[in-house]
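Across the two complexes that follow, chain A remains constant while its partner is chain B and subsequently chain C.
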Partner chain A sequence: MSKRILCRCEDVTIEEFGKAYRDGFAEMEALKRFTGVGTGFCQGKGCLCESALELARLRGIDPAQIPLTNIRPPIEPLTFEELASLDLPPLMGEMETALLRKDPEVGS
Partner chain B sequence: MADPAVTILFEGRPLTCRPGQSVAAALWDHGVKVLSHSPKYGRPRGASCARGHCMGCLMRIDGVPNVRACNTPVREDLRVARQDTGAVYGRPMQAALANTGHLMPVGFYYKWFTKPTIVAKLFMRFIRPLTGVGRLPDETARRAEAAGHDAAPPPRSRDLGRWDTIVVGGGAAGLGAALAAEDRTLLIDDAPRSGGQRREALDLAAAGDGDPLAGLHRLRRLREVLHQRDALLDAAPHVTRAAATTVVGCYQPDMLLLRDGTGLAVARADRIVWAAGALDQLGLFDDHDLPGIIGPRALYRLAGRDGIDLRGRTAVVWGHGPDQWLSAALLHARGARVILALDPTAAPDADALATARRLGWRLLTGVRPLAALGRAGSLAALRWDAGQGGTRDETACELAVICGRGKPVYDGAYQLGADLVLDPLRGGYVPRGAAAGRWDGRTPAGLRLLIAGEAAGATLADLLEEVTA
Partner chain C sequence: MIPLPEGPVPATADAVIVGGGINGLAIAYELARRGMKHLVVLERDYLGSGSTGRCGGGIRQQWTTEENIRLAQESVAAFERLAGELGLQTFFRQGGYLMVTEDESHLDSMRKAVALQNSCQVPSRFLEPRECLEIVPQLDISRLKGASFCQKDGTAYPFSVVWGYAKASARRGVQIFIRTRLLEVRHGDGRITGVVTDRGEIATPLLINCAGPWSRSLAAMVGVQLPNRQERHEIMVSESCKPFLDPMVISISDGIYFSQSMRGEIVGGIGDPQEPHWDRPDQFDTRSQLRFAVRFARALTAYWPPARQLRLMRQWAGMYDVTPDHRPILGGVPGLEGYQMACGYSGHGFMLAPMAASRLAKQITTGEPDKIIDSLSLARFARGDIEADAFVVG
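Here is the complex of A and B:
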């Protein structure tokens, strides 16, 4: 069957994304959680822009009004072995990611 | 003299490969383009970005699952296997679902059989194994076996300390920023050799039969500039290079978590330059996810460093702009039969067209891909929307290079606190108020941040304007 895949990692089609939107998921943060776009192995490298543009089209608004969803580290896949090698305690205080500030803002 | 060949074991079958190739490229040369399958519909997946981003090439390598075949070099006796062949119901079941999926409503798998709990549990037990990722390896057994050959030491983390400037990205923009920095600078590049994704492609194209770069004056100039900047950097005492190093995360105000071959490292800087370039954008036509459809950046890697055998293969290069022409020139230099498919917006100059005619490239004009057609899981033809009259021509090809607008790499800039805005004209999320491929300012946390080059929404065409000015 031919399909138009929006998110390759989570196999979300354009059709499924549109259905989720019509089901009432009108924000990227909600669509991300409901359909899985941007939550797969590639963490949105292949689909977040495309999905946001599709949402702007569905809503009929300027793409500039679709904020980027929160992109948390790691942005490159790691093994637990590598993570365990980090000398974490001295770093913990400094590891403030954008998410701490952004989460309340974007409602995630 | 060529190095002696190495032999890898692909699902028990010995395959001869060229040293220095990635596993994905070696498999391509042996006709294996389907490296994994998507989790829900079991759609074939391959090395579509060839740079470790798309995860289409996750395989089981030496027993370890989820290893990127595009980033793993071949090695004698390396064991490589597709990791979704061991799924409980196997591929036939997945294929059956992919072909009957249209009968089921969208989202059935998370809406059906959710109540009562016992039914939900049984349904989960049925549907989970369909993703086919397989079992985790026995780590003790793996280590014991790896000890036989060159077992990698366990990863260790390091602190690279504080720098005046850290530049992320070794392309034209990153090299330029590192040269301009003048203070203690760390230059981070995910490639083993800096110069950007196009440097090797330019070198190979320039050396091709019939001089495919002859009429592409600005690309030839870019090649000179990249070589020049690279040589200047070699002689620059203020710059330390960290090659084959990727950014794992950015932490405010000023810290980067990095990874190289030995493990993780942290580094801090007074000023960070985010020049991480752009990713390929493959469009959204039907079945555009078939293995064999790639972007120009993937081609530069596969036909460049990886050196896949393209002699006599038919390749379509669709789109417009300098990346399309560089892709075509590289394919020609590698012996492929080039079909240059110009989109309706393409406006090539006379010299470029003369090169195409001289080298015997087939030319299609004013077309857009409508659908990809596959055979045995990978690309066999593209179907075109030729505009007026609605004609639907098809072009047989086993490789299609889709040269769309590059998508700026935004993740690190976002994590450092940059204010990004979605701008389709600039390919994706770019810094708000960026002008001429540049945003220079302070983050809310006080870091001096420069976002430059394709990461700030510039195109290769913009860059060529700059280097030829």
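Here is the complex of A and C:
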């Protein structure tokens, strides 16, 4: 049988994906970490949906019922040099967290 | 194969372990290995979804308190045999830990720590800045004042370790329920009697709290007040490159750490003194921040210039469960029979878990008191018997 590639960055085949599924890695969260699907340079842009479709097929359920893994920054990889040259932003959500914090030991 | 049952939980169990991170699964495995039957692990999300799956996988023995040194040392020995014992590749690699400092004022405690570590047979040594170049040739040592190094320290892949423990536990009959949440604990007359989950009730005489950052709120359900606070810590992974960084590099001056995984990626993080401390799960916020990426990139390129052209591929965040002395809380509490915990790891619970779990399981099954567990019990805070570990980084 010819080799069918699911994730090009990490070189994961449909066959390997199916074997991992049969070994008990039955959710996208576990399949991603076990097979490497979606963890390469494209961060799943080229394979996450394909993988979810394949998992839906394996489980015999509607693809809409497959929860996807999180998308995280950055959208495109950036060099550390580029990042280091940016101005330092303040901590996000500081205002909200300060308001939420009602710590009797700090007396707020 | 990790069987994950889908139906209702059993009506009774000899112990219910809350948390499918490294601690919950290692304890389940260690209890089962010692012959305990009818064990249930509850994980409300997927295995490793808490701190464990977000962590850097670093394992070091270079601590400043004897308990942490001993637990880490025994854990390293455990990690050395874990892959074979559990039957799964753990990607454990002993590239060493190079701990550097830019502060003259740290040198004294660093030398003392090395002496204490050596007295426990941990083969660490103190290094002058230029000696660091033998370990990481491209390191910028211009601001360094000193370092310590231990070749036996290293890293492992957290998910593999979690799956390994899960697989080996399941083989011994442990029932692991994912997507199953503990809602309530039944207790009265000074003892645990059962738990309520979203898949039914379980009558049990033993509840083990391995809920990581959620352990404080779980303990509160049975009236146990923990001094733990929770903090967000961010971490990232770069694109892969050829292997050229052997050890984990870690700075006790600015809290950066970075190592190269067996896949060639640089994995690293840096603590942020501005992060607030939380004590309620509804406050937890693990969104990623540009601020982290900028701070990490600045520190990384300053210590290790070859990283300039490398690209950051993904960043994420997790929670530390921090105690006042940065050491874990292990064991039970007086006056509440059947309640045990392993939490408060303060950012180093991946490396300490194998032996904390083994010692706790031994104490539970044999009833023999364990010296290290006793010195790490919750009661130490009331006794005032606390000695903080000085080398907490991240």
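For the reader, a short list of remarks on this structure follows.
Just so we're on the same page, the second predicted complex is superposed on the first by the 87 of 108 C-alpha atoms of A that agree within 3 Å, B and C clash if a C-alpha of one lies under 4 Å from a C-alpha of the other, contacts with A are read in each partner's own complex, and residues count from 1 in each chain.
By definition in this document, a contact is a pair of C-beta atoms (placed from the backbone, for glycine too) under 8 Å apart; a residue touches a chain by one contact, two chains touch by 3 or more.
Here the structure is a predicted model, which means the values were calculated and not measured.
With both structures placed on the common chain, the touch criterion links A:29 to chain C but leaves chain B unconnected. When the shared chain is aligned, chain C comes close enough to touch A:80, but chain B does not.
Between chain B and chain C, it is B that contacts the larger number of residues in chain A.
By the touch criterion defined above, A:66 lies against chain B but remains apart from chain C after alignment on the C-alpha atoms of chain A. With both structures placed on the common chain, the touch criterion links A:41 to chain B and to chain C. Once chain A of one complex is fitted onto chain A of the other, the partner contacts of A:56 are limited to chain B, with no touch recorded for chain C. Residues 41, 43, 72-74, 77-79, 81-83, 86-87, 91, 94, 97-98, 101 of chain A touch chain B in one complex and chain C in the other. Residues 38-41, 43, 45, 48-49, 52-56, 58, 66, 68, 98-99, 101-102, 106-107, 154-157, 246-252, 255, 257, 259, 263-264, 266, 279, 281, 284-289, 371, 407, 410-412, 414-417, 420-424, 427-429, 444 of chain B touch chain A in their complex. Taken in their complex, chain C has these residues touching chain A: 1-4, 46-49, 53, 159, 163, 167, 238-239, 263, 272, 274-279, 283, 285, 287-291, 293-298, 300-301, 307-316.
Interface residues of chain A, counted against chain B in their complex, comprise 1-6, 8-11, 13-16, 19-20, 40-43, 45-46, 48-50, 52-53, 56, 63-64, 66, 68, 71-79, 81-83, 85-87, 91, 94-98, 101. Listed in rising order, the residues of chain A touching chain C in the complex are 23-27, 29-30, 33-34, 36, 41, 43, 70, 72-74, 77-84, 86-94, 97-98, 100-101, 103.
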